[in-house]
Structure formats: C-alpha cells, structure tokens
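Take a look at this one; I'll ask things after.
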Amino acid sequence: MSSGSSTDYLLAVEDLTVSFDGFKAVDSLTFYVDADELRVIIGPNGAGKTTVLDLISGKTAASEGSIKFNNQELLGKREHAIVRAGVGRKFQTPSIYEDLTVLENLEISFPWGRTVWGSLTFNRTPEISDKIHKVAEEIYLSDKLDEKAELLSHGQKQWLEIGMLLVQEPELMLLDEPVAGMSVKEREATAKLLKKVAKGRSIIIIEHDMEFVESIANRVTVLHMGKILAEGNMAEIKANETVKHVYLGD
Amino acid sequence: MGEYTFQEIYSIIVMQSFGGVSLACIYVLMGLGLFIVFGQMGVINMAHAEFLVIGSYTMCLVSKFIAENAPGLLNYYFIFAIALAFVIAFGVGYLVEWALISRLYSRPLDTLLATWGLSLVMQQCFRTFIGAREMSATLPSWLMGSWAITDTIEVPLNGILLLGLTIALTASLIIFLKKTRLGLRMRATTQNREMSGALGINTKRTDRLTFAIACGTSGIAGAFFTTIASTSPTAGTAYIVDAYLVLVVGGLGSLAGLFVASGFLALLSSILEFFMAGSIAKVWLYVIIFAVLTKFTKGLFSERIRS
Amino acid sequence: MTIFKLCSNYKKAGRSLGAFACLAIAAGLTSCGGESSTTTTTAKSEGSLSTSGELETFVSASVSTIKSPAVITDVTYKEYSAADYPTAEVNTTGLAVTDTTVTVGQLHSITGTMAISETGSVEAERLAIKQINDLGGVLGRKIEIVQEDGASDWPTFAEKAKKLIINDKVACVFGCWTSASRKAVLPVFEKENNMLYYPTFYEGLEDSKNVIYTGQEATQQIIWGLDWAYEKLGTRTFYLIGSDYIWPRTSNKIARNHIERYLKKKDPKCKVVGEEYYPLGHTNFRSLINKVKLKKPDLIYSVVVGGSNVAWYKQLKAAGITSDKYNLLTISTTEDEVLGIGGENTEGFYSCMKYFQSLPNENNKKFVAAFKEMWGEDSVIGDVTQAGYLGPWLWKYTVEKAGSFDIDKIAAASSGIEFANAPEGYVKIHDTNHHLWSKAKIGKFLRNGQFEVIAESDLIEPNPYPKGYQ
Amino acid sequence: MKTKSSENNAITKAIGGKEGLVALVVLAVLLLVVLPLFLSVFRLNLTGKYLSYAFVAVGLVMCWGYGGILSLGQGLFFGLGGYSMAMFLKLEASDPESTKIQTTPGIPDFMDWNQVTELPTFWIPFKSLPATLALVVVLPIVFSYLLSVFYFRGRVGPVVFAILTQSMVACLWYVIVGNQGYFGGINGMTDLKTLAGWDIRTEEAQRTLYFVCVGLLLVSILVCRWILATRLGRVLVAQRDKEERVRFSGYNISSFRIFIFCVAAVISSIGGALFTLQVGFMSPNLIGVVPSIDMVIFAAVGGRLSLYGAVYGTLLVTLAKSLFSESYPNLWMFFYGSLFIVIVILLPKGLAGLYQDYLRPWGAKLIDFRKRRVPVQKETVTSQEGKA
C-alpha cells in the first residue's frame, strides 16, 4: 500500500514478509519507530524477533514489503550500506574480535576509512582516540583499553559490542538481548548505559527479561508467529489478555 | 552436414547421447564418494582419486590372477572383483580415518594438505608395489564389443553395464543412508555432532564408518572405470578436478544436485566435443561452468536455510 | 594394375634421380622390380611372410632409401686397452674419465606420469652398458652410471641435466623421452657442450650438434607407412587423430601433406576427412568415435600417446570399430602400450615402427633373450626401448673411432657410424645430420600383445627438415 | 615534512619492531651473503628458482593465512607472469637471423611448426620490455579481479572458492596446451637466450638475477607487512574470523577480499617472471593443478601466518625435494608425501609455529621485547613473526 509513502518516522516497516521455504517467519509486519524512541520487541521463541532485526539490518532478504529508514528504502541494500546509512546491529551472543585489544576493537568500528584505500591510509588521529576514550568511558571499560578482548567477562563483552556500535554513531541501534547472561549489577549498569545512549538516537531491543524491559522501554511491541500481537507502553501490554495468554502465560 | 543422410545423423545423435549418458555416469561415480566425505562430513579428501585407483587396481589384479589361474571363471570374476574393490577401499579408508582424518576434523583446510600428502604416498605405493606401467582388466567376453540396435546404431555394451551399475550403486547408497540404522546415525552425526553424541551415538565410530564407506563406494566406482579407461599410479590426478567441480556445481551435500550437475556437465561436454577439438572443448566447458557459478555461487541445488 | 604401378615406380625413381645418390637409384630400380613381382593388390591379404624368417620388402619412392650393405665391417670385438689411450689425451675437457672408468649420465623419469614409458629405455640403456663393460668397456674404460630422475617434470629435467654435466662432469647422457623434456634440456647441452643420446621417435624439425637421435624422425615413420597403406590396404580417405602436443601435430601435418600433395597425384580420391587432437591423459573418446563413424574413413591414422591409448582402443572396440570393419594404422602404439591396452582390443590393427620385439633376425633374438634375462621374463620391448639400447653402442663406436671422449671430437666422428648387429637390423648415423638411417616396418597387432611383422622398407634416409612438408 | 614523517611511519610499520627487524636482517643476511658465499653458481641459480616459488607462498600467506581465502590456483598467476616474460624473451630469441631456417622467419619456432604465418596481435605488446614488465603486474590484477569479483560478491564459501581456483588453473593449462601455435603447448617456451641483449644464461647473469630475485622478494615481504600493519590488516583478520561483525561495522567485505586476492596474484606473477628469467624457459607443467597445490604446501610448511616463514618453508620443501630425488629417486615421493602429513599433524603452525613455541620463549629470555603487548604463541596481526 504505502511502500512509496514518505513518513516522519525514523523507521517505517510496512507489510514486511519473509518465508523460508513455505514457513512465514515474518508475516506482513507493519510498525513504526520514532526518532529518540527506545522500542522493545518481546515475544515467545520463534516469534520472529531476531528475524525482524536480520531483515532491517539486511542480513536476510525479505520476500515482500518495505523498510524505510529516514525515508530511504533499506530492502535490497547490502549490510555495509545499511550500516553506513546509520543502522547499527548487535548480535545475540557477543560478537567481538577476541584477538584484538579493547582499543583496537573500538577503533576498527570507527566509521572512517572503511574502504580498501581508506583503511590502508588510516591513521589514529587524536580526534579518533578522544572519541574512543569517551566511548570506553560510557561502557565502563576505560581501564581495560589495552586488554585483549578475550580476557573480558561476558557482561563486559556485551558492553564492548555496544561500544563498538556507539563508535559508529548510528541513528538507530538494533540490540539482540543485550543483557543475556549478565549479573544483576551488570543489568542495572546496562540499563543506565542504554538510557544514556538513547539520547539523540533510536534503539530497538529484543529482550526476554521483563524487569529489564520495564526498566527501559517506553514502547513495547509483542510479536507472535511473525505477526504483531500487541503494541503500546508496558502497562497496556501487561493488561492485554491475549498477550498474557500466549506469552506471559507460559 | 549436408553430405549425410538423415538416417546417419539420427543414429549419430542417438549414439552421441548415449555417450553423454555414460559420461554422466562417470561423473556420478566420481562424485558419490566425495558427496559423502565432502558434502556430508565437510572433509576435503585430496586422496579421493587414489581410492578410485585402488578400486581399479583391484579389478585389474583380480582379472590378471583369474586369467592366469582360472581362465574358465573369466566371465564371472567381475562381481567378485567389485565386492573385493569395496572391501579393500573400505579397509584402507578405515585406517586412513583412524590415522589421519580423525585428528583433523576441526581443521578442514589442513585435511586438504594432509590428504594431498597421503595421495602422493599412495601413488608411490602403487608404483612400487604394483608397477609403473599402465594396467587394464581383461573384460569378460560378454562385455566386449557393442550391441547393434540398427545397422547404423551401435551401443557399447560396457556403457550399458556402466549405466546399470551406476543406478544400482546409487540406489543402494540412498537406501543405505535413508533406511538403515547406521545410515540414520550417519546423517544425524553429520547434521549435529553434539546432539547425536548426547543421544548416545558413538560419533567417533560413525565418522570412521562414514569415511570408510565413502572410500568403499569410490573403490567400486574405480572398479567400473577399468571397463573404459586404463589404470596407472597417477590415473587419479585426472579425476580429482572434475570430481570436485561436479560436486560444487551441484551444490555441496545435495545428492540431487550431484545428478543434475553430472548430467549438465556430460551434456555440455558431449555437445562441445562433437563440434570442436578436445582441448578447446574442455576449456569452453570450464568457462561455461565458471559463468554459471557466478550466478549460483552455492551450486545449482542449494536450499535456502534460515540464517 | 601391377603394370601401372611398376611404371609409376620407375617414374618416381626417375624423379628422385637428381635428388639422391646413385646408390639410392640402384636400390630403387632393383627393389621396384622385386616389388612389382610380390605386389598383392587386394586390400586385406597380407601374406604372413614373417614366419618364414625374411620379410616382404615394400619400397615407396616417396622416401629416399638405400639397401643395407651386404658386407658389414663389424667393429664390435676389436680390443682397446686404456694404456694405448692415456687419459690426458682422450679427455682434454675435464670430463669424468679416469684410467679405468668413464662416467656417463642417465636422465629419465622414474617417477610421475612418464615413468610408465621411460622404464623401458632405462632398462635397455643399462643392458647395453652392461654388455659393453663385459666386452671391456670403452677405450678400455669401464662405464659407470649416474642416474637422475626427471620426475616427468620438464624444469626438473633441465635442472638434473645441469647437475649431471656441471657437477658430475659426465662424458655423455642417455636420456629424455618426451619432446618437451628434450626441448627443456637442449639449451643446457648446447651451452655446456655435452652429448645427449635421445631414444624416442620424434617430430624432427631439429638437428643439434649435441644430440644423437637414435629414434626415427617423423618422416621416416610416416611417409613410407602411408604409402604402404595406400598400396596394400588400398586406403584413400584418412582420419588423423592425435594427442595434443608437438609430435602428433607435426606427424599429422606431414601425413596430411603427404596425402594431399603426393598420394592425391596417384589417386584424386585421396583426402583427409578429419583431424583431431585430445589432451594427454584424455579418457573419453566417445564423441570422436562417433565423428569417425560419421566420416567412415578407409584408414584411421592414430598418433594417440601414453595412457590415453587404453581408453582410446577400448572405446573403439566397444563402439564396434574393429579390424574387420576398419583399418587403423598407428605410429605411437608399441608393445609397451599394448600391455596396458590388452591385445583383444587392438587385434588386427597395424603399427608402423622401426622395431618390433618379434623381429625374426638373429641379433634381435639374442637381444630379446639378454633383455629378458636381465629384466625378467615378462618384460616387453618396444620401439623406443630398442632405440635406447642403440645409444650406448653408438657412443662406444663413436668414441673408439674418434679415439677421444671430447664432445667436439665425438660430434665430428659421429657421421657414418655403423651399428651392424643392432636388434632392428643394420643402422648408420647420417653423414650430414645426427639421425639414423633405419628401416621402417609394419606390424600387425596380435591378440597376445605382440606384432606380426608383415612389411619392411629399405634403409630410409633421416630428413629432419623435410622439404615440401613444412 | 608531514609526508616524510608518514613515510617513515610506513617503513617502521613494515619492519615491525625489534623482532621484525631481527627476522628481516637474518633472512637478508642468509640470502644475500651466506648462500652466495657458499653455493656454486649452479646451486645458487637453483635457489633462485626456488625463491621465485617463495613469492607465491608469500602471496598465499596474505590471502590464505590472513585473508582466509585459500587459493589452489596460484599457479595461474605464476603462469601469467612467467609466460608474459617468456613471450618477450621468445620474441627476442627468434629474430629473423636465428630463425631463417623457418618457413616464416622472425616468429617463434613453435608458431612456425603450427602453420602460424604471422605474429598474433596479442603478442605484439611483448615486443617491448616496458610493456612486458607492466603486463607482468597488470595481467594478474585484471585476471584475479575478474575471476574473484562475482564469487566474492555472491559470498561463495571458502572451500568452494578453493575448488574453483583449482579448476581455473586447470582451465588455463588446457588453454595453453590446446593453442600450441600461440603458446607453445606442452613444450612451453624453451631456449630463451637474452633479455634486451643481455645473455641470461651466463654465470654472471644468473648471479645477478639471483640478487634481483632476493631483492624483490624482500621488498614484497615488506610491502605485505606494511599492509598488514595498517588498519586493512586488522580488517582482513577480522573478516576471516568474524565475517558478520565486520559487515555490521560497515565494511564491504567482498572488496577487501578482492583486494587481497589481487595482491597475492601480483606477487605470484612477479615470482613467475623471475622464474622464467632464471630457469630460461616456461612450461604449462609449472602452472598445473599439482604445482599449484605444492605452492600451498610451501606456505603451510612455513606457517601460513608468517611471511618470513613462507620463504623458509619454500626453501626447506624444495630443498628436501631435490635432495631426496637425487639420493633416492625411487623413494622420494614417500618422503615428500609423509612430510606434509607430519607437518600438518605435528606442526599445524608450520616452522613459524616451531619458532613461536620454542625458539622465541628461549630468545625472549635473552632479548627483552619491551614493545610487545601481545602474549606469545597467539597469532594476531600485530605479531607477524619471522624465524631466527
């Protein structure tokens, strides 16, 4: 219908559908994300949450529908193009470069010199290291800059990956279960971190842990069988019968 | 081709297509063993071709032995030789897996190097213990010559046999994989090692058997090859490239792909070879394959899986 | 018919008048006479004369020939003692020659794809050297061998050749098999100035001061053979098939020229209906065979080499192309290959070589016996193997004629060297090039892998740069 | 001033700290001083021939070891360089004077034998040396680009790509063998004499060429080390180990893969050209499937992550090859084959691994690498180790 439409939303997902040989993992999904919004997507396993992120970030190709980001179509773009457009993606299991130090991890994500030639001539200017240190500050790793990433704790790895996104200055961050396997303290810290970084950018988070969701979300989307079951703030969702039935129920 | 009668051209087309079929059979036979080892286990076995050669040698030696000691049996040794080819190749494969491959599952590309070394050693073994000269099996008399369907159409008997054997071998392989317990175990192991292990499948043993059976299959294939080509220590090197290429074109781990690819390549080369000379035909065959693969980088038969 | 051929032969002999030595004409005339009487015109009735010991001599005037001399000056058993030839005099260029020994090199593929073919040559050369040593060696010096492995890899050949010449200072080298390996070592031999005895029949177009070609160059094998097929098999249409490298291509070029320029004159029906090349080691000839069936040539002229042979003949047989329906003449299939092919697949076809193991002459019987004694009963001897056997003998005679091991002296002395009791029969190094005068023979494949020799030429002059065939 | 500093920067990066310097010096001394002192020109020339394979091994370290792209077809690029050079030399060797015996004088002999009556157009550039040298670099770039761009864009798997490259080299082999009139077929191009009038067969020439070869080898190693020391090096390793992550850091991986594949190709091609110059001929048997795999073996033996190791690996294997084949002609294949197996099973990291795990800890006691941040025996970009 409105695949040609221009919206004032940051992200407009319309009629998004993808099927893996017959099985529709995401089924004519439509939702919108505002600028500066922190959206949480919840839903039982196999609801298609991760797939949605895959679709937005270009990891998976959609069968039909449209994904507009700042009114530019993302479908059909390659991952790196989408990233350069301003969409950052964090994976479910922390995906960082174990062999490199925290500093190098952050540096390699730095949005300059991402072409062949650019990376050949890349030099660590003071500007860059300032930026990196600032981010390291935010993700509580400024004292570990020279440590090898593999020596970090699980939680710290999660943070590092978030940091790697921050360095890219994305307008939209896609986070897949950022607090999975974190201690309670770490969760709180993470919540604080996310709230902080949410300023000036939008974030889509997939999360199971309801307390955490409650602590950060300003809007929640419930997915079920690739379809939207309910959407609204936490209170509404909790009140929703069907959601209780299919999700909170079990 | 003005100067030829329709009759002639018709019969040539028939014979040419049959030639194509036999070539397809050869590709399939080359690919079957790889399909298991490479497609299922993900092991790159550069010595694959040498297992084919083992089969060929078994055939030759048996026929030589029979010819010298019991010429009367010359018409029937075939079946026995094929069985033996399987057994020997199976045995060697079993040893190789135990001694070499089992230590390298985590490093596929290293397997490539090690098995390359292995293939060199095996070649030298053939040379030292069997001899450097070309060998070939004396075919049973009922296998020689051709069957004249019409007076212009003649179909090679060994081609017909080749076709029959290929079908039989493939069928039994499929049945084995799909129906038997061992086959089930194999597929389970290749699909999810940890889980199968948890379910009490002895994955080590299964791997060993899988590899050995793959080698055995190649052994049989090699035995068939004696009906159409020669056997020499280095005969294998002629197969290895095509064997892998067929598998890649088909799409790794897809048996259907293997067949389609074999047919496709055979058809292509039959046509090309009929209209141009050997070497150039080969070049064009490759070029076309490369072109096709730029479109289907995962092979013709790659199923779309959920990332 | 006979009359016609008789005259035509006279004409040809006449034509060759200017070209060749009177000896040649004499030979031509006499042999024409002899030949016209024994000519049989029907395509498929070659008398099996070989049983009776002497062979039918088929003479074609397209090649210049001479009869082998009746009286042979045999030098084999002349005694030489090292004392009469002090090392300082016979070896002025620092070769590995002592008062008691002389070191030669042997360079063949022991490993790799060519090992199959080269084994025979290695064995033959070693036999010859052993026999020479038993007769007291060369100039009273025992021959010692340094063997190197070319590993079927041309750069390795070059590398090893360098090693033999520079490090081991060998007095000469017996070796190489493929054209490629010879081409690879040739610059080495020419630069370091050493002598190579090369046993394989090859494409010609070459005549190096540093090589003695003990095998036949292309024309010696092809032209006479084609004439024979033309006369005796009555073939008019030819299908040329070869492996894809220089020797088969050059051979077929010469064959084509001969068919289209010379045979056509005799009978305008003569033509080449197809010419095809397949990579070495190619094993699928089905398409080719179908093309052959489509063209129905009188003669399939096969220059298929090495392993491909097996597939080639097996698939011919399987496709119903057998000697009772088709004629096939090959210049590339010797007893060695038949071993792998299996006699039942080649039975009844023809091969044109200068040597067959079954040659009925006495020298050959001795040679075969000695070979089998040294290398085992089941060993077979092909054309190249025999040519390999010639190398050491020719070198011995040359050295003894020159009275020196110096390469330049040998190169000079080579011309006219005779080897009277060579297994293949009398051979002689040409006066102006380094190839051999030798007789071509036609052998008919037998089921047991041997050949029935059914025709023999006179000594054919080697002609590495054949005029009119370029 | 600024450019100057950045140049210095590049050079220091390339040398890579104390340890890098040591490794460089050791290799340089070995190749430039020790060997020429102790080897006869014949052996030296052989070493030069082997070193021209080392180029390919170095290229493989780049695209396989660091880039994770295994190519079983490097012989293709080796051949491009080798044949380009051979074609130039052949044209020079077949001037009308020395080829007057031919039907068409002035063209290479093999053309004459194959009824080619005039020089094919694509041969004409090879009449000029500069053009040839340019082509030695340009051809491999063009080919490697065309042969990889579609596959990398289509995200072909590493194994599939390896097999593709293998078929590519097989294909080239057929092209050469099938076009005897244009490329000399199986025999290759033999009897090459002079380079711009300079006789390359003389001892001095071979000695000089050896030094040229070593020089270029060291230079290309340094260039590679510089590449690896830049951010590109890090991205390379990153995309090898964590493809997805790199994509989502906004890198277009395929272009990086193409780039490193081209780099490897060019280096191999240079090696090929030097091979032709030192050996004096080029033949398809050098660029077949088998030699291409041998070249991978060289890199593996040296340690696929060590540029210096690649050189040592090549020398070791080729040396073993000619020693075994000289002393045990009938058995050397056994040795040679088992060598790979042993190396792979016992020394997965090759010679460089040996060095890291045993030599360096021992050496570390003697010298103290103050600058080193990275723990020993970890293979990372920041530790391309040489061997002492």
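Points worth noting:
Order of writing sets the chain letters: A, B, C and D. Residues in each chain are counted from 1.
Everything below uses one rule, namely that a residue touches a chain if its C-beta (ideal position, glycine included) is under 8 Å from a C-beta of that chain, and two chains touch if they have at least 3 such contacts.
Keep in mind that this is a model prediction, so the values were computed, not measured.
Counting steps between touching chains, the shortest path from chain A to chain D takes 1.
The minimal number of chain-to-chain contact steps leading from chain B to chain D is 1. Comparing mean CA positions across the assembly, the chain most remote from chain C is A. Look at where the CA atoms of chain A average out and do the same for chain C: the two points lie 79 Å apart.
Computed from the mean C-alpha positions, the centre of chain B lies at a distance of 39 Å from the centre of chain C. Here the CA centre of chain A is 49 Å from the CA centre of chain B. Under the contact definition stated at the top, the residues of chain B that touch 2 or more other chains are 124, 127, 277-279, 282.
Counting partner chains per residue, chain C has residues 111, 244, 277, 279 touching two or more of them.
Touching of two or more other chains is recorded for residues 174, 177-178, 330, 333 of chain D.
Chain D makes touch with chain C in their complex at residues 40, 42, 46, 49, 101, 103, 109-110, 113-115, 174, 177-178, 180, 185-188, 190-191, 193, 201, 279-281, 283, 285-286, 322, 325-326, 329-330, 332-333. For chain C in complex with chain D, the touching residues are 110-111, 147-149, 151, 153-156, 158-159, 162-163, 166-167, 178-180, 183-184, 186-187, 191, 203, 205, 244-246, 249-250, 253, 277, 279-280, 465, 470.
Residues of chain C that touch chain B in their complex: 111-113, 115-116, 119, 244, 276-279, 281-284, 286-291, 293-294, 307, 309-311, 314-315, 317-320, 322, 336-337, 339-342, 344-345. Interface residues of chain D facing chain A in the complex, by the touch rule stated above, are 6, 9, 227, 230-232, 234-235, 237-238, 241-242, 244-245, 247-253, 255-256, 259, 373-375, 378-381.
Chain contact summary for the complex, chain A toward chain D: residues 57, 59, 78-81, 83-84, 88-89, 91, 95-101, 104, 107-109, 111, 113-116, 119-123, 146, 148, 164, 168.
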